[in-house]
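Input: a single structure, listed below in structure tokens.
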Amino acid sequence: MTARRWTLDDDRCFSPEPRVRDRARALYAEVRDLPLVCPHGHVAPALLADPDARFPNPADLLIKPDHYVFRMLYSQGVPMEALGVPTRDGTEVESDPRAIWRTFCAHFHLFRGTPTGLWLKAELIELFGVEEVPSEATADRIYDRIQERLDAPEFRPRALFERFGIETLATTDQAGDDLAPHAAMREAGLPVVPTFRPDGVLHLASEDWRAQLDALEARSDVQITGLDALFEALARRRATFRELGATATDHASLTPEIEPLPTHEAEALLQKALSGGAPTPEEDHRFHAHALLRMAEMAREDGMTMQIHVGSFRNHHRRIHRRFGLDKGADMPIAVDWTRGLRTLLNEHGHDPDFRLVLFTLDEATYARELAPLAGHYPALRLGAPWWFFDSVLGMDRYLDRVTETAGIYNLAGFNDDTRAFPSIPTRHDVWRRTACDWLARTIERGLIDAEDGPEMARWLAYDAAKAAYRV
Amino acid sequence: MTARRWTLDDDRCFSPEPRVRDRARALYAEVRDLPLVCPHGHVAPALLADPDARFPNPADLLIKPDHYVFRMLYSQGVPMEALGVPTRDGTEVESDPRAIWRTFCAHFHLFRGTPTGLWLKAELIELFGVEEVPSEATADRIYDRIQERLDAPEFRPRALFERFGIETLATTDQAGDDLAPHAAMREAGLPVVPTFRPDGVLHLASEDWRAQLDALEARSDVQITGLDALFEALARRRATFRELGATATDHASLTPEIEPLPTHEAEALLQKALSGGAPTPEEDHRFHAHALLRMAEMAREDGMTMQIHVGSFRNHHRRIHRRFGLDKGADMPIAVDWTRGLRTLLNEHGHDPDFRLVLFTLDEATYARELAPLAGHYPALRLGAPWWFFDSVLGMDRYLDRVTETAGIYNLAGFNDDTRAFPSIPTRHDVWRRTACDWLARTIERGLIDAEDGPEMARWLAYDAAKAAYRV
Amino acid sequence: MTARRWTLDDDRCFSPEPRVRDRARALYAEVRDLPLVCPHGHVAPALLADPDARFPNPADLLIKPDHYVFRMLYSQGVPMEALGVPTRDGTEVESDPRAIWRTFCAHFHLFRGTPTGLWLKAELIELFGVEEVPSEATADRIYDRIQERLDAPEFRPRALFERFGIETLATTDQAGDDLAPHAAMREAGLPVVPTFRPDGVLHLASEDWRAQLDALEARSDVQITGLDALFEALARRRATFRELGATATDHASLTPEIEPLPTHEAEALLQKALSGGAPTPEEDHRFHAHALLRMAEMAREDGMTMQIHVGSFRNHHRRIHRRFGLDKGADMPIAVDWTRGLRTLLNEHGHDPDFRLVLFTLDEATYARELAPLAGHYPALRLGAPWWFFDSVLGMDRYLDRVTETAGIYNLAGFNDDTRAFPSIPTRHDVWRRTACDWLARTIERGLIDAEDGPEMARWLAYDAAKAAYRV
């Protein structure tokens, strides 16, 4: 059997119709090499702060930390233990990276037609020079090839950061996190900034709420005995984040129902948590919603862009949560009601063109029904890129099809890669750039956009929009 | 710099694939010049009733009255005051039409990829002979060009009405409105008829409920002291509307939950309003729902087509509402439940093929899930054209894709332009005709519709369906 | 007037773009003649068990039993009585099959652009050799042509079963149904198996609950005096079904909210029904949900694939229900919440790769938002084919577009025809095979799937997936 040679299609993500394809190619040629603006993601700061950091092996790089990868394998009966995903209680899991890699390669066909498959293919071929489709038969050869590259100095994270052409990258950091890595990177001139994500202390029912609060107390030098102290501590940390270049905050909420509480009620909820009570999910939501309105006020003052991610029902599978912890692929979307939920926040702050609020949804039905009409009215609002499950070619198509007619493209916040998987950054941006250019090409060829406007619009979607939304 | 010449693409709205495009062109050629049937819209009757009426200037014609236009500019930080949108309390706003026009032109790029952009382009080029893209640099020249045309007799509303080839046009009129303009037009042989929209008196919490009721009393010559009198007054007005050619009524409801009340309860709600009480939104909805069922009964008797528009959360932005009033771009869609909400009404009247009920939604998720299955069963039901935010090329594609397989095209109510912007009428119909022909062409070329049936189906969608649904 | 010759497009369901079409053709050529796997449908077992059974006439074959057909005609004012749909109380309806057929043909244009139209066209041309479009003028000739064929021995159901290339077909059978026809078919070597559908006894508010329970008692030889006896009877029947080759159960629920009850509460509900009380719809749902969890336990034990169909609001139109009974075209979809509704069931059983749960929805908004994320995580889960109103070319497109990126194709359960209309089986599978190949071709030509993987994926979607999901 002759091994099939694995190659990347230069025209991937482009429509097959020749006129559309030609125009998509031309638009893409102008944005392909623009620097990458990465205003929202989950790369570990330590990885970049330490100039000597390296990626240990293919499994630790590509499998273990990527819930997109192991959820698909798990869905087809592969135990997460076999993929080396660490357990909370330290129960042993597969520790041989090569064994993990073989299991992954034996199931690589599962990723056909998925964005994960598209990203992995581009990474393996472009970054690591792989020339064979992963399978049981090819697993070892591919492993060795990747390992060889990872051992080379030009594959250290810092080296890749430069090779990737990253203009700026934001990490995501808890309110009490140590920002020493960011300070070091600032010192070294590396354009990596933190993002302020106080979810851990504002969701009173967070698993590690007390630990997060302790960290916040320590970093802010404020003893948090009540509501005023909490917000004082958060204000100080916002200032520190900003000094290190942060331009944004990030917040996750199950639903967009964001209403204020009477102060005494918010205070009572906080006191309950402080005294070791166990706030209910509903109390958690009410307190968090109240706090979000304070965060919006602070954002108007300090100019940080406020991001809200809504609609993920976390830890749907208790067994997985109990055994492996958070973010292990068992978060599931729900329907949301932005129109009524966000009314209070938007009525208080949405008219302010200096306030910047970026929204992310997992309920695509709200793109055209709610988000585009809201963004096409409120000056503060920008629509975040298609998120998570929708960070995909068809997900982007649906997003652009559904939001643009009502909100235009200038109310969009551009792209962000939102990734934990550092080597996937370029290909994720590339998929967006290709898909956006193809969408523009289709729209132009259908006579709905002037051809002359195409290049400027492509550049906006690929690069300018993110800088504008995040004030980078 | 050579100015770029601005031209209309003859093939706009058509798919680029050559076979599809050829067939779309051929289908379109047969419907392009059919007369315009406009069974639902918001043109001011006075504009057409007065043969000497004229449009004062470009800003008053195209900017100030069009919330599609100023909401987009507002969303990008342009104050509505700068666009001359009048305030409720008379606070001064920009009054120089040329200054307003310049602001608009400087932001014209915001409309790229939007239906508003498509309509404006067609109007500016086809109707006003503009040859340059609006921008700061070209604003004054374009202003002068349009003004020159507006000053000419052949650009008076009446002249345009004929040039547009309007076969019949329905305005939208409150229950207590003076229909003298319609009588005059009837006298003059102008095919303009009223539509009966009693929302103002049936929504007990309407801002100007008392004034609307007074007007209804005066016009109907019925003193409205209770429920029976109210419906008697409405019945009389329906008769008057019908005498002037009306064939339809129109009703807006936040949700489709339409249930009857015990008579004494409906009476009590009305009495509360009559005595100056302030009905709650919930009371408003319950009374209105009850009244809708009465309206359905009357419609079965007098044969008027009943239209219900559902899912618009009005005046979302209180600041805008307070300052500028109703219909200023801050109405936002919500999800709705037609299946359960409309069950009572459909069970009582839906089996009657002589009753005609046309539904409009802002929740596209209900097209395939609820509206098409309902219309594919109940004889009384017809599906209204894609409405408001979805009166767009992609909005029409989604509509046809989602309703036709289940409801067929003969349960559709065709197109209506629903516009306040008189000069946009032809281009709105043209976009529908083009897009419907393209959709047919795609479906035929995919082997799903017999090519021989195309022309008849195109004509149905472009012209016959609206006449049938509204019994014009 | 020359009659137009009616022909089938060999390329139906394929995209017009030439490269896509060529690839779709090539993929389709490899799956077109694969045997048909029919794991879920509503063919009457008696039809196949009796080797001498025949179809009486065109109206009894194609019109009367097919709610897809008569609902569309009813929606346009044709009384169901005129189509021979039998009434519950025996009120006379049209009994002349030729008169029924004429009414159908006179309205055949209503099916333009619908899947029913596509199926009927393929059946009429391919199976019956019809060469004219049905219309008033052609009705009689077509009737005679079909009747001629139906009278021939090679058009008996058994003969067609073989001609269609059906590898295995599952019927749908109530818990208390007589399985003698299945035993006879097993004896005769005909691959027709039952499916266990206990809805009639588990929905306590079913119209004929008592009769269904009596039948279950009789068949299982268990006197059902309480909960334990009920589940014992069901367990025995499951065993009997399995002996006759059943590999699946089927369950319908209005919503996916499936929560257990305390045993005493479930017992009390059952006792209420047993003693002749009238359980409310809400009690019906709670008991059924409780029972579904027991069914899931049994399924893990006996290995039967569990199917759940959710979101159909049955008998929306009371008038039709009262007069004509169940399944008469007045069932309407509603929005559903799988994520929260199914959490309990999935937490208890979803991690088990040996348990097989197949879900069907009428709320397409849940494809990408809920179903694909759930199926892309839980090992037990497979997504059922696009169901009912969405068993259509565009319905399949939307399904594949929305589920594949997140769930991949290996978490799909393939196709099932779900039909009562025996002669439509081949064309329904054919539409799926064509549409799936076209979807693959488009995805490949867009550079998102490796061309080399196409044939295997086409075969999976056309054939292997259904066998895997149903363990055929």
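Each chain gets a letter, A, B and C, in the order it is written, and its residues are counted from 1.
The rule is simple: a residue touches a chain if its C-beta (ideal position, glycine included) is under 8 Å from a C-beta of that chain, and two chains touch if they have at least 3 such contacts.
Keep in mind that what you see is a predicted model, and the values were worked out from it rather than measured.
Trainee: What topology does the chain touch graph have (line, ring, star, complete, other)?
Mentor: Shape of the chain contacts: complete, all pairs touching.
Trainee: Copies subunit A, subunit B: same or different interface, half of numbers shared as the threshold?
Mentor: different
Trainee: Through what angle, to the nearest 5 degrees, does subunit A rotate to match subunit C on its C-alpha atoms?
Mentor: Going from subunit A to subunit C via C-alpha fit gives 120 degrees.
Trainee: Nearest whole angstrom, what separates the Cα centre of subunit A from the Cα centre of subunit B?
Mentor: Spacing between the chain centres: roughly 40 Å.
Trainee: Of all the residues in subunit B, which ones touch at least 2 other chains?
Mentor: If we look for residues of subunit B contacting two or more partner chains, we find 17, 335, 365.
Trainee: Mind pulling up the subunit B residues that touch subunit C in the complex?
Mentor: So the residues of subunit B in touch with subunit C come to 17, 19-20, 335, 337, 339-340, 343, 346-347, 350-351, 353, 365, 368-370, 372-379, 381, 401-402, 404-411, 442-443, 445-450, 452-453, 457.
Trainee: For the complex, give me every residue of subunit C touching subunit B.
Mentor: Interface residues on subunit C, with respect to subunit B: 4, 6, 9, 11-17, 71-72, 74-77, 109-115, 118, 133, 313, 316-320, 329-335, 362-365, 389-390, 392-395.
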